[in-house]
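As structure tokens, here come the structures.
Common to both upcoming complexes is chain A, partnered first by chain B, then by chain C.
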Partner chain A sequence: MDWTIFSFLLADGLQNGTIYALLALCLVLVFAVTRVILVPLGELLMFAPLSYALLLQGQFPGTAWLSAAMLVAWALLDRNRLRLALALLLLAGVVLGLAYWGSHGAPGWVAWLLAVLIVLPMGPATYRLFFEPLPHGTVLVYLILAVGLHFVYQGLGLVFFGPEQYRPPALLSGEASLGTVPLPRQVFVVYAFAFLAMLGLYLFFTRSLYGKALRACAVNRLGARISGINPSEAGRVAFLLATAIAAVSGMLIAPLVNAAYFMGFLLGLKGFVAGILGGLISYPMAVGGALVVGLLESYSSFTASAYKEAIVFALLLPVLFWRSLRTLELGGEEE
Partner chain B sequence: MKRWFFLLVAALGLALSQQPAPLKIGVVVSATGPAASLGIPEKNTFLLLEEEANKRGVAGHRVQFIILDDASDTTQAVRSTRKLIQEDGVLAIIGTTTTPASLGMIDVVAEAKVPMISLAASKAIIAPVDAKRTWVFKTPQTEELMARAIVADMKERGVKSVAYIGFNDAYGEGWWTFFSQEAKEGGINVVASERYARTDTSVTGQILKIIAARPDAVLVGASGTPAVLPQRTLNERGYKGLIYQTHGVANPDFLRVGGKDVEGTLLPAGPILVAEQLPAGFPSKRPSLDYITRYETKFGIGSYSTFGAHAYDAWLILRPALERALKNASPDNLAAFRAALRDELEATKNVVASHGVFSFSKEDHLGLRFQDTAVMVQVQNGRWKLVRTFR
Partner chain C sequence: MSVLEVEHLTVRYGAVEAVRDLSFRVEEGEVVTLIGPNGAGKTSTLLGLVGLVAARGSVRYRGQAQPHRTPEALSAQGLVLVPEKRELFASLSVEDNLLLGAFQRHQRRESGIRADLEWVYTLFPRLLERRTQFAGTMSGGEQQMLAIGRALMARPKLLLLDEPSLGLAPLIVREIFDILGGLKREGIPILLVEQNARMALGLADRGYVLEAGELVMEGRAQDLLHDPRVLESYLGLRGKEAEA
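Coming up: the complex of A and B.
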């Protein structure tokens, strides 16, 4: 391995690591606030670019129907709160209207935004419809529910978009070189977004009232409730944030890696591995973990490509072992 | 008046009961899951065939295809096969799309003594023809046949060294086994062998290693749109040699996603991929064009794929075998009829189908001849262009 190859692999590893970092952030965020391991995060990531690809082809994406249907179901659940229910129904109409506009000759960048907007309501709606009715579920119950949702969303993805990949156009086309390594310009957009997302989350959690409320929920749900914070609302905000970050990440990486209905799970899983390295509580450690996963993957794909996946997931074993030793000392967090 | 009415009803009842029961054929395909891009056109083909078979009837019988989806999953395929045999009492099984699942089904059909025609690629499904595989036939070309076509083409173009990158699953491994063997026999030096996953988002590491080995040509052992990724990475890294793909990419989506990146790609394919460009004497030309017209009439222009044609070929073989078996056996005696049907399948000779000419024998349950079933195709201006036949 000479310097050129080393630097190519480094660039590749950092690029993948950044994507995993964004997903790991979302997973940690959702887990800390709601105790849900959001397995279907990868699907929410995949819905946006695939909807975009369909909008550009002038087709009405099935995700708009799904999003609208989830909002209507939400409105039915909350029918006693008339104003909220009406607002949700209106929003469902708006989503369908936007999708119609997007598929009938909206310019490319509008379609880009519309695709994100169509997917966005699914996040909070997922929480309201499936997790909120079980306020006292254990982590395991939530996990099983999340895995189930993953299969449902992935199946729906196949129905909506078919089995093959799409490659939506990049925001910035062409290549720029960094030293000896030529990189697609789009990669820099990914880095910029990752930086902004992390900075935004940091400011949100330290400066805004909402952010502080979310942190309070993460630290102690009961305590937060006693101080007048609604944990359900905190959960919905967490899901909304996670969906927004995932959807935009998906839009940004799709031109680099091709989008398909099956792309989400493995990305999410590697984000999860990274999150585990941070114990699913620490944001900086999750980001660090994600970069480790990305680099490890990149270098192992060069040296032993047949075992790449195995090497990445084998990373979990020592980490889990080490963490389980530490958790024992703490006497177990659960119950 | 009343008596007349009763007589009429009785006569009608008699007429109805003499209408023979439909011939039930069990179909297992992967209409969902990772192999869905292959399974969906296969399923569509059976919907098309059922409609047409019932217009003419098979020796006066109606035909019923009972189509089950295995979600590209072996366990599900085996369960579906059992259900078709035990609950529905089918005469034969067609399916399934993928190699691992087809291998799993062999035990079930052999135990129940039901003939089966697989739609999956691997040679392991039908060879060697042992006590179990005597019940199993298949229509798609094996990797072995297609690897032979690639190596023949490489030799023609003066390729001395080649690198391989393929899926890290049965597809990629199968290709590696047969390709490395054929390349060795053809005197071509294999300088690198790499793997990647269908769902991978980056293959930079593998491609760097391949480029460092400086091969004259690279073979990508992958199927469908995930096969684009290594080729695009090769282009991005400035690789200038020949790039070969397998027949697993022969669908319009590969061209759509690949765009400029797959220009110039060489691949072996069944003749149906370039049906219109085949020379007039090529045996598969007519059945291929026939299938394409029928499929596109029902599902739209440009919708056909070579994978659906494997299902069509299975029916082209099964239909005459059913007709012959019906002369000597009755479907009412299920066990005897299944055995008779198996014998008639094995007796299939010179059935001209869309992917070649099928002639089965006791030792050969694939029945395809190399020169009729493989052609070399190149991507030129975003279209498939026939560059070589081996006849």
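Coming up: the complex of A and C.
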């Protein structure tokens, strides 16, 4: 392996590792607040760039129908809270209106934003419709639900977008070269977003009382409730944040890798491996784990490309083994 | 209008009936205590009261029936529980724990939160010393103070305290009961659940005695303190325990 190849692989590994880091952060955030392992995160990532691709082709994306339908179902569930229900119905109408606008000659950058906005309500609606009705569910019950949702959303992705691959335009086109490695300019947008998202989450959780309330729900749900913090609301906010980060990540990497209905799953799974490296509780360890996963994958694709996925997932074994030993030492953690 | 009126409260865990047909009330400015031995159903009463366990019977808070009560909604209305296990946010700082007690007020953009923080720090100077420390690293007594302080940050209009003396050294218990006396003088109504009957009746205006989930006695705290049955089964027993 010479220096050029080494740098190529490094750049590739860092780029993927950054995306995994963003997804791992989302998974840790959602798990900490709600005990849900958000397997369909990859699908929420995939919906946005594919909707964008359809909007640019002048087609009305099926995701808008799905998003609106979930909001209507939510309104029906909360029909006793009249003002909330009406606001949800209004929002469902707005989503359909935005999709219509986006597919009827909105400028490209507007369509970009609209694609994200159309997908956003699906996050909190997923929590409200499928997880909130089971407030005392175990991690396993939630995991089974989450896996089911992953299959449903991926299947709907196939229905909405077909099996083809799309490559929507980049926000920054062209290439810049860093030493001997030519890099698409879009990669820097990915890094900038990752930096801003992490900084934003850090400030949110350490400076704002609302962010601290989310952490409070994660460390002591009962303590949060008696302090007037509604864990259901906290769960919806966690799902909303995760969906926003995943959707924007999807929009940013779609021009670099091809976007297709199946793209989300492997991305989400590698984010999950990274999250597990951090025990699904530590944000910095999840980010570090994600970079390890990205680099390992990149270098193993050069030396043993047929096994690159297997090598990444094999990383789980020693980590899970080590964690299970620690759990035994602690005499079994709660739940 | 009473602050709290509870009628025919029954709490069940499967086949176990922890509280049976319990009725009691708390008036404005009053400290009421619920005493009884371990397992009498005191904690279950409080949990049923705030909606943390399913309960039959009616609960009226400040004249309003509360059929679908939840602890978060009651807390927003000023009915705040300090639970038996304190339930602090162990990995957050002492000050963050206190500020989160005022979460609802913060969301409503109420003023006076900073002033109340200063007030809690004057009540519990030790919390001020430890304001940047993680809540989980404090001693039992300090954690109890923090739990009470966090509840006070909600500006409670009724405070429910579940055994604030549990597991604490006598000196700390004295200190905490002095603070409770101060809150009483400020006119904050308190429902105090205790096994330490002498301390509780010393502070309270009225008391209820619970045994095996049922109300066995009620009356003015002074009368209960000198009632031969209470003397024998609670105060006397505690004396014998102390000798043993």
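Everything that follows uses one rule, which is that the second predicted complex is superposed on the first by the 333 of 335 C-alpha atoms of A that agree within 3 Å, B and C clash if a C-alpha of one lies under 4 Å from a C-alpha of the other, contacts with A are read in each partner's own complex, and residues count from 1 in each chain.
Heads up, the rule we're going with is that contacts are C-beta pairs under 8 Å (C-beta built on N, C-alpha and C of every residue); 3 or more make two chains touch, one makes a residue touch a chain.
Since the structure is predicted, the reported quantities are computational estimates derived from the model, not experimental observations.
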Could you say whether A:Y52 touches chain B, chain C, both of them, or neither, answering first, second, both or neither? neither
Q: Please work out whether A:F160 is in contact with chain B alone, chain C alone, both, or neither, and reply first, second, both or neither.
A: neither
_Looking at A:F130, would you say it contacts chain B, chain C, both, or neither? Reply first, second, both or neither._
neither
Check whether A:N230 is in contact with chain B, with chain C, with both or with neither, and answer first, second, both or neither. second
Partner touching more residues of chain A, chain B vs chain C, is chain B
Answer with first, second, both or neither: which of chain B and chain C does A:A260 touch in the superposed model? first
- Message: With both complexes superposed on chain A, which partner does A:V219 reach: first (chain B), second (chain C), both or neither?
- Response: second
- Task: Please indicate which partner A:Q15 is in contact with in the superposed arrangement: first for chain B, second for chain C, both, or neither.
- Result: first
_By the touch definition at the top of the document, which applies to A:L209: first (chain B), second (chain C), both, or neither?_
second
On chain A, the footprints of chain B and chain C overlap at residues none
Contacts from chain A onto chain C in the complex sit at residues 209, 212-213, 215-216, 219-220, 222-231
Contacts from chain A onto chain B in the complex sit at residues 5, 8-9, 12, 15-16, 19, 155, 158, 162-167, 182, 253, 256-258, 260, 262-263, 265-267, 297-303, 305-306, 308-309
Touching chain A in the complex, chain C uses residues 50, 52, 70-72, 75-76, 80-83, 86-92, 96, 99-101, 103-104, 106, 150-151, 154
In the complex, chain B touches chain A at residues 32, 34, 36-37, 40, 165, 168, 194-206, 208-209, 212, 224-226, 228-229, 236-237, 251, 253, 256-257, 259
